[in-house]
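You will see two complexes here that share chain A, one where it goes with chain B and one where it goes with chain C.
This part shows the complex of A and B:
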């Protein structure tokens, strides 16, 4: 393999990791604070992609792409808030099985709504010209869009880190992860905090979906694909750990990129091979702690 | 999603959460099997026919085109007094491109709704599954979009009819065109299921026969519905072909082209040439983003077919649906009318008699006077090819200016080849 091919595969792998991180971060954040395994998290990603495509189609001009992306993420965040207040809030004291059933039914309900609202056909959006081509870096030709995806993920990672470790909100979220009952006793409105955390998670999923809307066709079913991968990423990193989601995403992204290059027939298996190896060594994932 | 259960094996000592996640994945896998259904049995002055096609996912644009065309054809039949005095009731169901779903739908339609004809769908894998069921219960079966040549060659039965150029015909047609081009280093890419493998094999075999000095520098089969082609694109770039031959289509083709452009594989002066399956819907979707200059092939593009019947059909279709019909609409429309022709000829809806009446018959299709061969019930329809260019008359890129039709008679296997293939097991 030439050095330039190697470099291109690294960029591809990191761009895949970028999307997986956006999805996985929300998934793991919601699990960490709310202790809910949200199966419908991938469906929020799909919703973001559909929103972005349909908003972009109504906008013209160079800023349309960016406005569509941010508006779609915000809209999914709003939808997430509604879902938390209307449904999830009732499930925190139930066991995981009830949560799985409820969030699973959300997949079907939202999927049905998307089918009615957007149709079953595939959709596409155009990226701005400066993002749709390739760039030469040294002897390599890399995708501008992949660099953009990596940039989005880095920006999100920094923002999340600052929010969690440098703000009052972040301190509350960390406290909720550590001991929600003590937090409630100290006068904090935990339900509102939980809604806020879920909105953040949903916004990240929506942003992930909106980010890929101009890089692949958007269609029903992309949620099932991505949520399986995002679960694998968070399990590898350790459910509840943001740093784990980041490392897990990078590992999975790179393994898929190089693995598919070397042996395409195995492309579906790589992610589970990684998961098997990690769980064999650390049953709670790389940065996970055993279940409370 | 067969891989979902592997999480169970993945964990040596799964924690509760991991176990639940595995259950979650299994639930997700189960979701893929759901389907809608509707009633409607033939009685009194009506008969029921059904179409199982794909109305969601990568294939949805094909299935929706099938649906619109079949509805139009059935409405026209009913509007002109029905068939043998009976109105035709139509059931359309979503097979989700899954063989197991298609099997179940077909069985229900035959046993509960007593259908007198079944129209196929998009997926070749689903069609192969349906073919087994219709053979058992003896129901005429019309293929218009799914096209693996197994359906008419090895797995042939007398109730199956194909009005779409099959994978063998399509692959050979493309090889005939490709052999005339001045390129010899090929990279092949196609979706990883029955159609992709079957069509690429036909192309490769015929190309190597016509032009022995070609080199296949690589061959890949990304999964159907793939969302990330980047590693494949890097592989293609590293192999440095002169031309890329693709059997990707619809949503997958658009994703592939978007990412190929992004990686610099498409759209540069130094880029390899491209041969690809460009149906009317995909071209419409690509709009100004179509890779003009690419060699395109299609199965029934309205802009390349000059018949009076096509003009009438395009007008009727546009009046009903406000868009020009795609290839998948043209062929599905032909399929219904072929069945109607068989019923009229036989004077009955009886499967044996309809099948006998259609075998060897010449039929006035939207694509001209074409014949259903007796040996494999394959219509001798053409494959259409040309170079993509902006087309102001149609409103998106087409290959109307350079379109050629490769006569189906030159693409079909000879009767001896069919017999040989069948006896080779």
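This part shows the complex of A and C:
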């Protein structure tokens, strides 16, 4: 493998990792605070992609792409808020089977709504010209859109890190992760905080979906595919750990791009193989804590 | 004598009542069974060809749901990968029928074997994790099976799967193939019924109710869970194989992870706590799916909405619907959820009502001359292990920088009552957890009855004769009081290994004797979680008695009890434990309890042993006073 191929594979792997990080970070953040695995997290991502496609179709002008992306993310965040208040809130004290089933039913319901609203066709948004081409770096040529995806993920990672470790909100979220009951006793309105955390997670998923609307085909079913990979990311990194989601996403992204290069048919199997190896060594993932 | 007579009268009355209820229930079950069997058995007579075809799919779905419920409803394992094994079975049949000399029938025999092997392998990996992580792992690994089926196209036909599986002539007839599927599923369902109602199944329910307690009655939890996972996978593969034979094809879609939700949803809709719930759920789900999918585009929306509704308002499923409906009516009538539907409180048996004598007994117990039983027990102990039943030497444990337990030596003579006391943070509970194998020590050795048990697992300790009760009551809440005790008696004798056999009357004399001992005879058929706190502690003690434990470790047996309950527990301990010659090691804060029954007291502070001696010696020891009251002036 030449150095330039290697570089291309790394960039492509990191762009995949960028999407997985946006989804995995939300998944793990929600799990950390709410102790709920949202099976429908990929469906929120799909919703973001559909929103972005339909908003972008109605906007013209140079800013249309960006407005559609942000508006779609915000809309998914709003939908997430509704879901938390109407459904998840009633399930925190129930066993995790009921939580899994409730979030699974959301996959079906949201998927059904999307089918009614958008049909079963394939969609795609248009990317601005400056993101559609490719760039030459040294002897290799990489896609501009892939670099854009990596940029989005880096920006989100920094924002998340600053929010969690440098703001009052972040302090509350960390406290909620550690001990929600004690936090409630300290006079903090935990239900509102939980809604906030879920909105953040949903917004990230929506942003992920919106960012690929001009890059991949948008259709029904992309949610179930991506969410399994996001599970792999969080299982490898350790549920509840943002750093773990980052590392997990990079691992899965790179395994995917190099796996596709070497043995395209089995790239998905490689991910599970890596996951099995990590779990054999650390059952709670790289940065996870054993479940209490 | 009167006591004995009245006891046997009540026992007879109880047996009669139980018999009547059982007769009623058996009659009901037989009636429903005959009805259902007739309905399924005559399908070709009263359904058209299309519906008859659906009926076959329903029957296959029943096996899928029943096999899944062995994990979910019986053992409490939430697997999200059951479709993977269903697919493994379908591909086993498809591949054997199309790529080898064998035919579909051979495939149907091989499918459950392949399912069991895959299930055992995947189960062994997934069971390294618990609860939510377990669920995610099953999902991910079953998805791996999907990826293999999808990508290995030279073998599996890839995306398209394998079509046109050749089947024997009699299966080309719609009625013939329906009856064939029905017979195989009936046989497999009978097998599952036997397993579920066997001692092994009882152990699985115990694991569902309380994993830790199950381990401490001697059940090797992970092994049992793996067995349940393997059987469930094997029968799911049989269901998948039947599907391949019945429909004539196998495709990767069968194994996609969202398909794993199908058995979960069937079981949820039907009701997971009943053996028959999954049957109901599978019928409902499959019929609805066929009808809705054929006529509209809204299947996702409809089934999603149903699942959401069931989760939010009907968690007991259709089986529990009448009762739940009644609860809701009652709730809306009363304005709050009353307890009226629970068993009416039974008044306490006379011998449990505390009297002045009991209290006096308790206080003087320590000084009372040992009963003959105790002397006999001591004699046995001396012969067994040179006096010390449990020996702890130089035991140490650090948590990071914190030295929790350091250089602790302890020797517990058989037949004695030994209390460990000390201020909070002295390391008492850590010491207990080290001895009972919940935490591995950094240094030192623990010897029990002459055997090294350092760091041994709970199940092994239970079989060695070491019973343990916890600071927070640990019982099998969903099992009846009698079954709590019975399970312990079965588990410790190794009965629970057997997946065949009848549970209800096993070790009945033992169970009766123990319940009599701990004063819970009147509550034998009450679910354990409905007992009062004090009665639950008594039951926990009863579980340990049924284990025939030689050493019983109790972590604050009277914590959170009223003075009345404390006195009762004290009396119970004194009467049952000491009379049986069981050695007792306890942590206790209540000094009335400690000085009431302990013969030796060990005082711990800062992770080490401060003083050991008789209650009187300890009480007067200046260091103990200092440890509890602080440095004077």
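Simple rule for what comes next: the second predicted complex is superposed on the first by the 292 of 292 C-alpha atoms of A that agree within 3 Å, B and C clash if a C-alpha of one lies under 4 Å from a C-alpha of the other, contacts with A are read in each partner's own complex, and residues count from 1 in each chain.
Following the convention adopted for this analysis, a contact is a pair of C-beta atoms (placed from the backbone, for glycine too) under 8 Å apart; a residue touches a chain by one contact, two chains touch by 3 or more.
No experiment lies behind these values; they were computed from the predicted model shown.
Within the superposed three-chain model, A:109 lies in touch with chain C and out of touch with chain B [touch as defined at top]. Of the two partner chains, chain C is the only one touched by A:266; chain B is not. Touched residues of chain A, counted separately for chain B and chain C, are more numerous for B.
Of the two partner chains placed by the overlay, neither chain B nor chain C lies in contact with A:85. By the touch criterion stated above, A:96 is placed in contact with chain B and with chain C alike.
Legend: residue contacts after superposition of the two complexes on their common chain; A:141 is shown touching chain B, with no touch to chain C. When both complexes are overlaid on chain A, the residue A:275 reaches chain B and chain C alike.
In the superposition on chain A, A:71 contacts neither chain B nor chain C. After overlaying the two complexes on the shared chain, residue contacts for A:239 are found with chain B and with chain C alike. In the superposition on chain A, A:175 makes contact with neither chain B nor chain C. Comparing which residues of chain A touch chain B with which touch chain C, the overlap comprises 37, 96-97, 100, 104, 107-108, 115, 224, 228, 231-232, 235, 239, 268-269, 272, 275-276, 279-280, 283-284, 291. Every residue of chain C that touches chain A in the complex is listed here, in rising order: 72, 78, 80, 125, 128-133, 135-137, 139-141, 143-144, 147-148, 151, 256-258, 261, 264-265, 268, 297-305, 307-308, 311-312, 315. Contact residues on chain A toward chain B in their complex (touch as defined above): 1-2, 5, 8-9, 12, 15-16, 37, 39, 96-97, 100, 104, 107-108, 115, 119-122, 124, 126-127, 132-134, 141-146, 212, 214-217, 219-222, 224-225, 227-228, 231-232, 235, 239, 256-261, 264, 267-269, 272, 275-276, 279-280, 283-284, 290-291. Contact residues on chain B toward chain A in their complex (touch as defined above): 1, 3-4, 6-7, 9-18, 20-21, 23-25, 27-28, 31-32, 34, 55-58, 60-61, 63-64, 94, 220-223, 225, 227-228, 230-232, 234-235, 237-238, 250-252, 254-255, 258-259, 261-264, 267-268, 285, 289.
Those residues of chain A lying in contact with chain C across their complex are 37, 87, 90-91, 94, 96-98, 100-102, 104-109, 111-113, 115-116, 224, 228, 231-232, 235, 239, 265-266, 268-269, 272, 275-276, 279-280, 283-284, 291.
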